[in-house]
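By written order: A, B, C, D and E. Residues from 1 in each chain.
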Amino acid sequence: MNAWIIAIVTVIVAPFIGGFLAGIDRRITARLQGRFGPPILQPFYDFFKLLGKSKIAASRLQLMWIYAYLVLMITALLFLVLRLDILLMMFILGFAGVCFALGGFSSKSPYSHLGANRELMQMLAYEPVLLLLALGVYAQNGSFLISQIYASPTPLISRLWPIFIALLVILTIKLRKSPFDLATSHHAHQELIKGIMTEYSGPYYALIELTEWYEIVLLLGIVSLFVANPLWVGIVIALAAYLLELFVDNVTARMTVGWMVRFVWAVGITLCILNLIWFWVFAAIKGVS
Amino acid sequence: MGIIATSRLKSPWIMHFDNSSCNGCDIEVLACLTPLYDIERFGIVNMGNPKHTDVLVVTGPVNRRTARVLKNLYDQIADPKMVIAVGTCSISGGVFHNCYNVLGGVDKVIPVDVYIPGCAARPEAIIDGVVMALQKLAKLQGVAL
Amino acid sequence: MLPYNWMMAVAILLPVVAAVLVYIIRQYHARGVIVILAAIALIVNSILFLLHGKDTFSPANAQMWDMVVTVLDYLILLFYIYVGISLKNWLVLIFALTQIIPLAWFEFGMGGRAALANVSPTFVVDHLAIVMCLVISIVGSLICVFAIRYMYDHEHHLHLEKSRASRFLFWMVLFLGAMNGLVFANNLIYLYFFWEVTTLICFQLIAHDLTKEAIDNAARALWMNSIGGTALIIAMVILFAKGAPLSLDGILSGGVASAVLLLPVALLCFTGMIKAAQLPFQSWLLGAMVAPTPVSALLHSSTMVKAGVYLVLRLAPAYAGTRLSIMIALVGAFTFMAASGLAISQTTGKRVLAYSTIANLGLIIACAGINTPLAITAAILLIIFHAVSKGLLFLCAGTIEHIIWSREIEDMEGLAAKAPLVTVIFAIGVLSMFLPPFGMLLGKWMALESASTIPLAAWLFVIASAATIVFWAKWLGRFLQVLPKLGAKIESLSLSYTVPLWLLVLGIFGVGIGVASVYTGLVQNAVADVVTSGQALAVQGWGLTVNGYSAVSSTANFAVGNYPVWPLFIVFAIAVLIPFIFVAIKPGELRPVYLCGEQAGGTDTDEWYSTADVKTKVQLGGYYFQGVLGEAALNPWTYTLSIVLMVIMFAVALLAMGGAL
Amino acid sequence: MAPRTITPFGPQHPVLPEPIQLKLTLEDEKVVDVMPAIGYGHRGIEKACELNEYPKNIYLCERICGICSCIHGITYCEVVESLWPMDIPPRAKYLRTIFSEMSRTHSHLLWLGLLADAFGFESMFMQYWRIREKVLDLLELTAGHRVTQSVSIIGGVRRDIDADMKKHCIEVLKDVRKEVEALSNVLVNDYTVKARTIGKGVLSYDQAIALGCCGPHLRASGVKEDCRMQGYLAYGDLSFEPVVASGGDSYSRAAVRIGETIQAIDLQLEALGKMPEGEIAAKVKGNPPANEATMRVEQPRGEVFYYAKGNGTRNLERLRVRTPTYANIPSLLVMLPGCEMADVPIIVLSIDPCISCTER
Amino acid sequence: MIDKLKEISKDQLLAEVKKYADSKAKFVTGSCNDLGDRLEVTYFFNASPGMDMSALRFTVGKGEEVPSMTGIYLTAVLIENEMKELFGLKVKDLAIDFGGHMMLAQDSPVLPMLKSEDQKAAAQKGGN
């Protein structure tokens, strides 16, 4: 029964944390740009404003995928808080991404179509890193269970710091921050307008915002896994990572899709693989001695 | 209803459409976004996409080609929506009133809620205009701003 | 309960009889009834095998059957020679000769015939074979049922004067019998015989339309698979020379020091890899796409290529723990990655499906190479799930082909409005290929977990997984690009189309939700047949807990994964199915898409005013990256690397053999 | 042939501040074909100028474009003055020069901000516009308005810069110069900016001439051509040398504009120092005679060409304005094919398009 | 007065323009003027780099066809289209023909740049 309570609390509390973080993001970004910035609660105003707009849509299929995106994102988050299998969580996160992309494909709009294609390219870049992260967790703990991470006395970051760096790189993609705000961006001054979100409006757009809040919590939760004991250190590290992303967002130009895939594969995947090979060699040496 | 009505006043997303203006008002609208004026303080964001827009900010006189575009963009905005006409030419055609390709003010094509005069309208005036639009919306909804 | 010899007869000989009947009776309805009856018989029979369990079988009058097999063997090979000469295709001729000469020399010169005659039992029906038999009989039969109407429409569209559908169905039904024989065969010469029969049928079916392209591609399939046949004969020769038994169970029980057998085992795996279209032998399977779609469905899901992975998997104990095993894992993993990458650049739907098949077969072979019980479990689960999903996808592709008369992905744009039913089925098929909670993903998940012992394979796996997401989602996305207008009507299709489609959809959900039952009822025993060492896998309730076999940690009974599958289906239902049914839009809420303010009209148009006020249609082309990921750009690399991997594979086997001597 | 996407880009598009449409044909993300559609800003100003009287046209010409409005006004006055021809007082020449360069400074800062916005460098956009506000304050102080200054009249200028203003201007301009240098240092050296601009939209020396490009766009391709070399207004007295770069790509265009921003500030400082005392406007009587004249002036975006024909009445017979963007748009047809979709905004912006100029 | 103005006939146009193209001159722009029954067309060129400008001028009757110079200078495509739709100058063989809707929309006035009767009267009267 305990798990049910945790699940319900997560579903209710997570969007508040996510929205609050998004508000802080906007304020800090404004300050970095020499502006005063909106109130911290601005994302919530936006959200409720959007809920009150009239419903318009460009096709029915579009909406179906956006509900799926939300539900699957919550499911992935529940996998994290209920401390289940990390690899399956990554797959569910992948499913959520696919649903989002399919939502973009579900209307005959060139911009959401191009955005969806770019979203898929982003998945091509970040999905291997997420999966290798799970394999790294396995290599260290001998288990894919998140509960094992919490049970383990050695924090993940002590041996998985190359994977941690790779995670920070793809965090930029997942949070849609510059230089990787390709499929869609928060600033909307983009060659694809709003990219994949172009055709969503009103309440449906609010659903995407809600999903992104869950996503922020989920991603920062994954970051915090790297120092799971004690948890507060992990949370501090996650918040520091978030600030770092904001900073990177403000000091870089948006790059192109090809550059992103090359960069993430060259840096992110290489780091992950080196980390795993190191584990392998380490295990082999231990086996010999 | 309360929270949604309040939120509407705190989060007007604008889209700026340049009919066929001389750019003077356009750059002033853009200047509103920048550090000195920073309209994001009021939750105002320039979205550039009618589907996400609450307030349509129109500059310049309507000419015979942009009339079609303006109507189309207005139709794509979800309710509730407001229209602000920025600059003298978007009110009446202004200095271009006797040009052959100019139809006249924005209200020839779509209903306008707030007119902001000026050539070019100053950023302060534009911010004031957006706030006036919000007051009008608040009055319609019966909510205090 | 039928007697066992009757069951064997139904499995292998009934398709032959049914095929001949279909060939003789040229009436559409009668032909259909025979196919359906044969399908039902085969399905029931395969379930009987399951209930019966593990057994062996040798035919009563063995000498007669040996004679039949021998005569047919040579007839087939002579037919190849005839094909080679009449098509002036020297590769076909050469590889036919490389088969017939060593075979004759082996059987009559070396005295292999006597050794072969002594092999007992002739057939071994263990649980792996039963799993294969179920897949062949159920999925294969459904495809044959689908083909009844498909061929009618196909020939109608081509305006053929003389129907060749009975010839087509003859080979299709015959295929099922040959496959059943192949998976049951224990005697290597029987294995070889059925192997050649499948190659022959494959040739006939690919060449069915008799266009130049079809015949060329059929010839390519023939000579490539003939290389495999040659390798099989060489393996037999070596085994005989080393004094090893000429049967599969003999090889697996390790009659002689197993390292000595490594080269023949490598040759047998090589044979299997060619049949499973592993790189660099993928081109025959891609060429096979010219055939009518039921052929592709049959080749890809339940027969032909599955024979290849079956053989590699079957031999897993023979190379367990050797470097050969690692090499097989790498060959498979490399194929998985390269084929997934190449699939992104494909513009033809069936070629995407073909590359996806090649990739998944690579994954299965890689699992066999990783060779832990967990990996073997993954491999067998993947065979089942892949057969169901890929069968469904090919049948969908066939149906779509008959709705839009095109195989191009770009032409499938907006099918969600034109053919909603097929789109829904296709979407389920696509989602089941790479997303949770469906079986393929569970298999891939297990494969990844087991691959953590070989980082290189793990690396190839994750890149391939990402590429898989891209090409599937991209393709499914084409279907969904619809105009906002309402009122799509559900298309009406022949029962011969819809019944197999819906049964396969049911199958996807069935094996997905009931994965634990599938595991306990089928896979667990099959794994026990393949894995010779290690403990049995434990199963708890609906959840599937896989215990033990941790490579890094030496702790036994360490849980690597414990997840209940059915809640994920509830999530899937909440996420996709319920919105699909209940998300409704009033016509007033529909707006045309944003085209920068220049739409020319309402919700039913996708035109915009372009230069000089000319109305122009929006055109959406997908991403294919043909410059980077196209066959022209990648093939030099993939061929080189895969050939190098194959060479290393043989070198490893040779070295081990040399070491043992 | 690979599958293609055909999509509109504009007229309403967030990266385009003004309405223009590009019909893009894409292969994956690569642009294979482009066709511009203009006419969204066409009002018919040339015709209206024939209907209005001479002094009234100043206001109309200034509203051909709001960003370079000051120079449009000046050029109109210059071309009408050369219909007589007549001379204007030297102090007026200097004042016109100072206002020209001031509006060049604000226009280039605006452009640099928009360029940063085009490749998603939001904070740099904000910083450039923050600096720009200081220049706008100066314009407001000296000319009376932030955007449309209306400072020029036929025969001279309307407003003078007194000693206090001059002192203030010099202070602010020095400050702005420092800030621009510091910020542009980032723009020029940042890795991501370089990756997005170097080699994008390349135009060779010969191509640039064959396509008739002008302004910073032309000078970035290595062509040393600037209307200020003619020495009109006070430029003959000032130490002026065109800013040239050789890359011919978007990066070079940014570099040229950064150089010109700083040069414009230097020219203002020099002109403020050298400005002679005296009248600021000559008295004008009657209408110009029947005559025709041309005038070429360097605007921020390039060379603006005025052709005026008087017929002795109080109306012009014909006024033809060729604005810099009008000359630069055809080069898009050469630069865009082959680039990536993501580079389209950068390349389009790199010519500093002013659509309301182009279409009048 | 315009410096270096050369009066030609429309048949000489392409040959003269070719000379400019061969000397790598830059095409600046063109202008058209309504002379009542005839149209006066002026093209401006610039010997680039530098500020040395010259011009070509010819007049044609309304309704007469004029060859297009877009084959030599692509950049003339805008001005030729503009003259075509605003003045009714019949330019043939345009590289890109906007079909009379480059500047003007479907419902815009036809040939708006031609002189109206009021304008002609005012010009005749002269002075104030």
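In this text, a residue touches a chain if its C-beta (ideal position, glycine included) is under 8 Å from a C-beta of that chain, and two chains touch if they have at least 3 such contacts.
Note that the structure is predicted; figures quoted are calculated from it, not measured.
**Q** Following contacts chain by chain, what is the lowest number of steps it takes to reach subunit D starting at subunit A?
**A** 1
**Q** Relative to subunit A, which chain's C-alpha centre is the most remote?
**A** Farthest from subunit A by mean C-alpha position: E.
**Q** Using the stated contact rule, I'd like to know whether C-E or A-B comes out ahead in C-beta pair count.
**A** Output for the comparison: A-B.
**Q** Determine the chain that sits nearest the middle of the structure, using the mean of its CA atoms as its centre.
**A** A
**Q** Going by C-alpha centroids, which chain is farthest from subunit B? Tell me that one.
**A** Ranked by distance of C-alpha centres from subunit B, the top chain is C.
**Q** Can you check how far apart subunit D and subunit E are, centre to centre, with Cα atoms defining each centre and the answer in Å?
**A** Once rounded, the distance between the two centres reads 24 Å.
**Q** From the mean C-alpha coordinate of subunit A to that of subunit C, what's the distance rounded to whole Å?
**A** Roughly 35 Å separates the two chain centres.
**Q** With centres defined as the mean C-alpha position, give me the subunit B-subunit D separation in Å.
**A** 26
**Q** Between subunit A and subunit E, what's the gap in Å when you average each chain's C-alpha atoms?
**A** Those two chain centres are 59 Å apart.
**Q** Taking each residue of subunit E in turn, which ones touch at least two of the other chains?
**A** 101-106, 112
**Q** Residues of subunit B that contact two or more other chains, please.
**A** Within subunit B, residues 17, 34-35, 46-51, 63, 65, 68-69, 73, 76, 100-101 contact more than one other chain.
**Q** Spell out, as numbers or ranges, the residues of subunit A touching 2 or more other chains.
**A** 33-35, 54-56, 110-111, 113, 188-189, 193, 198-199
**Q** Looking at the whole structure, which two-chain pairs count as touching?
**A** Going through each pair of chains, those in contact are A-B, A-C, A-D, B-C, B-D, B-E, C-D, C-E, D-E.
**Q** Show which residues of subunit D lie in contact with subunit A when the two form their complex.
**A** Going through subunit D, the ones touching subunit A are 5, 7-8, 13-15, 26, 29, 116-123, 126-127, 130, 190, 192-193, 195-196, 340-345.
**Q** Considering only the defined contacts, which subunit D positions touch subunit C in the complex?
**A** Residues of subunit D touching subunit C: 2-13, 21, 23, 26-29, 35-37.
**Q** Taking the touch rule as given, give the residues of subunit B at its contact with subunit A in the complex, in rising order.
**A** 3-8, 10-11, 13, 34-35, 38, 40-43, 45-49, 51-52, 54, 76, 78-80
**Q** For subunit E, which residues are in contact with subunit C within the complex?
**A** For this pair, the touching residues of subunit E are 98-102, 105-106.
**Q** Within the complex, which stretch of subunit C touches subunit D?
**A** Going through subunit C, the ones touching subunit D are 347, 409-410, 595-598, 608, 610-612, 616-626.
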